[in-house]
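Both of the next two complexes hold chain A, though its partner changes from chain B to chain C.
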Partner chain A sequence: MDYFLQLAVSGIAIGAVYGLLAMGFAAIYKSTGLVNFAQGEITMIVAYIAWTIATTVSGNVVVVSAGAIAAAVVLGLAIERIVMRPMLGEPVFSTVMVTIGLAVILRSSITFIWDAYPHALDLGTGRGIIRIGGLGVRGAQIAVVGTLLLLLAGFWLFFRYSKFGVAMRAVAADDRTALLMGISASRIHAIAWAASSVVAGIAGIFFAISYDLSPDMYQLGLKAFPATILGGLDSVLGSGFGGILIGLTENLAGGYLGSGVKDVAGFVMIVVVLMIRPFGLFGERDIERV
Partner chain B sequence: MRTISAVQSPAPEPGADTAPALLEFRNVRIVYDNAIEAIRDVSLAVPRGGVVALLGSNGAGKSTLLKAMSGILHTEEGVIENGSIQFDGVDIHRAPADDIVRRGVVQVPEGRRVFAGLTIDENLQMGGYTRTSTDAREARDKVFTLFPRLADRRDQIAGYMSGGEQQMLAIGRALMTNPTLLALDEPSLGLAPLIIDRIYEIIAGLRRELGLTVLLVEQNAQRALEIADYGYILENGRVVLDGPATKLAANADVQEFYLGVSSTGRKSLRDVKHYKRRKRWLS
Partner chain C sequence: MRRSRLASLLLAGTLLTCEPAVAEPGLTDTEILIGDVEPLTGPPALLGVGHTIGVKIAVAEINAAGGINGRKIRYVFEDDGYVTARTLQGLKKVIDVDKAFALLGLSGSGQSVAALPELEEAGIPTVISVGPVKPLWEPPRKNVFVVGQAYEEGIRQLVSYLADKNPGRKWGLVTQNDDYGIAVLDGFEAVVKAKNLNVVYEGSYKKGQQDFSSDILRVKDAGVEVFLAGGIISENVAMVKELEKLGVKPVIGIFWPGRIEPVIRLMGPPSDGIYAVDYVEPQASAAGQAFLEKAKAILPEAELKGVNRYTFAAYAAARTLFAAIGRCGKQPTWACTISELENTKDFATGTMAPISFGPGVRFSSQQLKIMRIDFATTSFKPVD
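== the complex of A and B ==
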């Protein structure tokens, strides 16, 4: 039983990291109709920036998180403005290819700017192991689950009650009509990119605290992508939960069936789920009236 | 048979005889994809407080003109190659779409285009996007008095409403922008005759009570000419005929080809074919 709980708890913790990234995928997809394949790379870069702040400026948690979040906003806005906006109106396929190109560029920039060695992101907190009964959990692992839940609630409120949130849904549903109402799609897209980079960056920082920084961190994006497909590509909240499910499945499968199965388990699950629910667990079907 | 082009008023002088026009297209030429000429040298004017009908069959270029007016041609690779569009004396044909809405020009797009997944309330909120929240709230109350049914169903998902209700919501959403000029693109499309009556009553009421200037795009010429003061007929991207609505409705060619009536009884298909062939030569 302890073994199961331990697997489940660490599965949920890594799942929360996937969930945050998946929310970033969904936020961009929902408002721009694009899948951003550079999501994992953005996560990694923000984590590296956090590490740079921690090692050069101050290791204070508040300073590091504030700096990293600001950097994530700038990064998201810059990508939208410099790379994505000129692609507006071009075929979706080309635009998605651009994000793949961007991913490769960002990935290799890690070794240019920083180096190829793993680093520990030590902020003085979060790395210690907390014992609850027989379970050992890192503080950062608890914190990332809490953050995910907070952000899920925040996004729900945002999409439901804020003017920008509703506008994001309107642009997603019909950007041309939104334009007719004076809603500038590029501004909405910029907000989505910034928000998506911030949640991805937060995930990266938590991951780096719990585990380590390394140039292969971008692979988190590959794990989070099934999570967002599972939860529904157009559902930010569903993607968050999808992350938890993938993390849990992966860890339990790895623990009981062997580590070879671990990486495959999540994908097996999405194949099965998508055959039953093609729009994902929480994805919306288009409303069609005849 | 008289030729339709013989009745055309001398271009480019449009139909506003007295007051300066609120909205004016001057010698506009629109090209899609650098190749397809959708609008060729069209001039038309909408006088302040007037109702102008823009008639024509499918593909004549009516919606293209409205898209140009609203500044969204670029979303379909369309470009205004020539001419200008003026609103209230200011060129708007290079202005961004949100700027045009803020100036008081709005359109109810073809097919209503309500945001299907949003509630009625949220749809109206999006109409008020360019306004402050206090102004938007006031405007929403006005829309609710105008369309009590929308108020009753404000929390319902717009996509599940009937076509007539969606049209009312689309009009209400456009009114939320506080327009001076309201353009409607085929408001009768796909609606039952009784509902069309209701929609046209609403449009007439908007002009009467709110003093709105209306640009009405229709295939349904009869309905449109009933409430319009002036009309333009568009064929293959050019204005082939324009005049006061009563005169247009009395014109033999208009009666025959747009209103479906003829003084000499039913014409044979051959006459129509002849007309179509002649039209092709002329254009």
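== the complex of A and C ==
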């Protein structure tokens, strides 16, 4: 039983990281109709910024968190304003290619700005090991699950009750009608990019505390993307749950079936789910009036 | 008329009999150009940057002493980002455009192997030190020399050592599912067969994997007592941290591609006592300290941080190449350099055991050392 529980706990913890990233994917898709292939790279950049703050300014959790979140907001807004807004109205394929180009630039910037060595992000008690019965778990792993749950609740409230949240849903549903209703699509896009960078950055920080920083951290984006597809590309909340499901499935498959199966387990689940629900577990079916 | 014809004949004869002042590419009256292709961006930049720093130290040292027979060395290198197609492009550039006289490097083991046909065709003297793998020296290529030791042999000696120290224990291994992992597995299985080791877990992972929770839980569940972490850098760190999280403390061995000092800080206290194998001197040894002192006098502060085992290896390879060129006298040629590399015998560089090649021998087969992590001093220390 301990074996199963340890696999489940570790799977949920890494799944929460995927889930946060996946929420970022969905937030951008929901408001802009775009898949941001630089999501993993944004995660990595914010984590490196957090490490820089922790090692040069202060190792205080509040200072590092505030600094990293502010940096994530600036990064998200800058990408939207400088890179994405000029692409408004251009074919989706071109815009997606721009995000791929952006990913390569951000990835390379790590060794230019920082270095190629892995680094430890030692914040608070995040790296400490908590033992519950026969289980071992790091503080950051518990914190990331709690954060995911809080953000899921926060996003649900935001979309349901806040003016901006309702406006985002309106833009996602029909941006032209939303525009006619006086909603600024550009502002909504900017908020989506900023929010996406923040949740991705939070994921990156928790991941770096648990597993260290390294220039190949961007690969988290590749792991989280299936979570978004599974949960529903247009469902921020579904993507969060999708991450947990992917992490759990991967770990259970790795623990019971072998490490080779671990890599493909999540994708097998996606294939099966998409065959039954092509729009993901929590995504909305596109209905077109003909 | 007759006089002018005679003058023309004399001039033609002179041109035919005298050798040109500079006979080979990359040579001028004042300098010798050395080329290289390394990963300078992305995670493998760790080895590429470390390597170029080692060559720069050797170049600075030689140039400060007046160069090679009066010619200063100039070092040019291309970034391949650890992408083989870019290695080949970079190689073409340093050979055909920059016109290098000789090459050092070359990127990772896979990239070096892919570059072999190009190197053979060009015939340029080349000393490889980054990723020593058998296809680079078996069969031997006339102009390609390899400084180092085979991965399989390194693992064989490490596992043999640990097996002798830990008789009757249960063994486990997790390694990468690529050429590197196969070499590790080959070395491991050779000893398993020879010493009849009790292997209770063998696992592999895909390059880039960051979460090893299920893999290491299986290691624990199998009751592994001696564990070979067959990752490179961040993978080994992740494995050791998972072992710590699960509260198990097997005897651990790691391999030289990941034997760099920053891993000790990343692993934290559980790194203490981990065994490693390498043919390059550890920084904590007397030879290592002497080299670091040399580096401090030459390198700016920012570059000093990039010094690692690849710096030590590159320095040795560069000094070996420069010595061979030096023995060719005032007018070195490719043929002479290759011949002198072949004649290299017990050449001491200070960063590893003396280097030797020989007729038909293009692999220096460096002597290996077993070492252990001392967490208190954040260093690898040789074991007796």
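Worth pointing out:
Here is the rule we use: the second predicted complex is superposed on the first by the 285 of 290 C-alpha atoms of A that agree within 3 Å, B and C clash if a C-alpha of one lies under 4 Å from a C-alpha of the other, contacts with A are read in each partner's own complex, and residues count from 1 in each chain.
Heads up, the rule we're going with is that contacts are C-beta pairs under 8 Å (C-beta built on N, C-alpha and C of every residue); 3 or more make two chains touch, one makes a residue touch a chain.
This one's a predicted model, so the numbers in the text were calculated from it and none came from an experiment.
Superposition note: with chain A as the common reference, chain B and chain C can be accommodated side by side. By the document's definition of touching, neither partner reaches A:Ile244: not chain B, not chain C. In the superposition on chain A, contact of A:Ser214 is made with chain C only, not with chain B.
In the superposition on chain A, A:Gly254 makes contact with chain C only, while chain B stays out of contact range. In the superposition on chain A, contact of A:Tyr3 is made with chain C only, not with chain B. Shared-chain residue A:Ala54: touches no atom of chain B or chain C.
When the shared chain is aligned, chain C comes close enough to touch A:Ala120, but chain B does not.
Contact with chain B, but none with chain C, is seen for A:Gly89 once the two complexes are overlaid on the shared chain. When the two complexes are overlaid on their common chain A, residue A:Lys163 makes contact with chain B while staying clear of chain C. Put chain B and chain C next to each other and count what each touches on chain A; the higher total goes to C. Closest approach of chain B to chain C, taken over C-alpha atoms in the A-based superposition, is 39 Å.
Residues of chain A touching chain B in their complex: 89, 163, 166-167, 169-170, 173-184, 284, 286-287, 289. Chain C meets chain A in the complex at residues 40-46, 49, 174, 177, 203-206, 208-211, 213-215, 217-218, 221, 233-234, 237-238, 241, 244-247, 260, 262-263, 265-266, 268, 305-306. In the complex of the two chains, the chain B residues touching chain A come out as 70, 72, 74-75, 77, 96-98, 100-102, 106-107, 109, 113, 115-118, 122, 125-127, 129-130, 133, 157, 159-160, 173, 177. Interface residues of chain A facing chain C in the complex, by the touch rule stated above, are 3, 6-7, 10-11, 14, 107-108, 111-112, 115-120, 129, 131, 136-138, 207, 211-212, 214-217, 219-220, 250-255, 258-260, 262-263.
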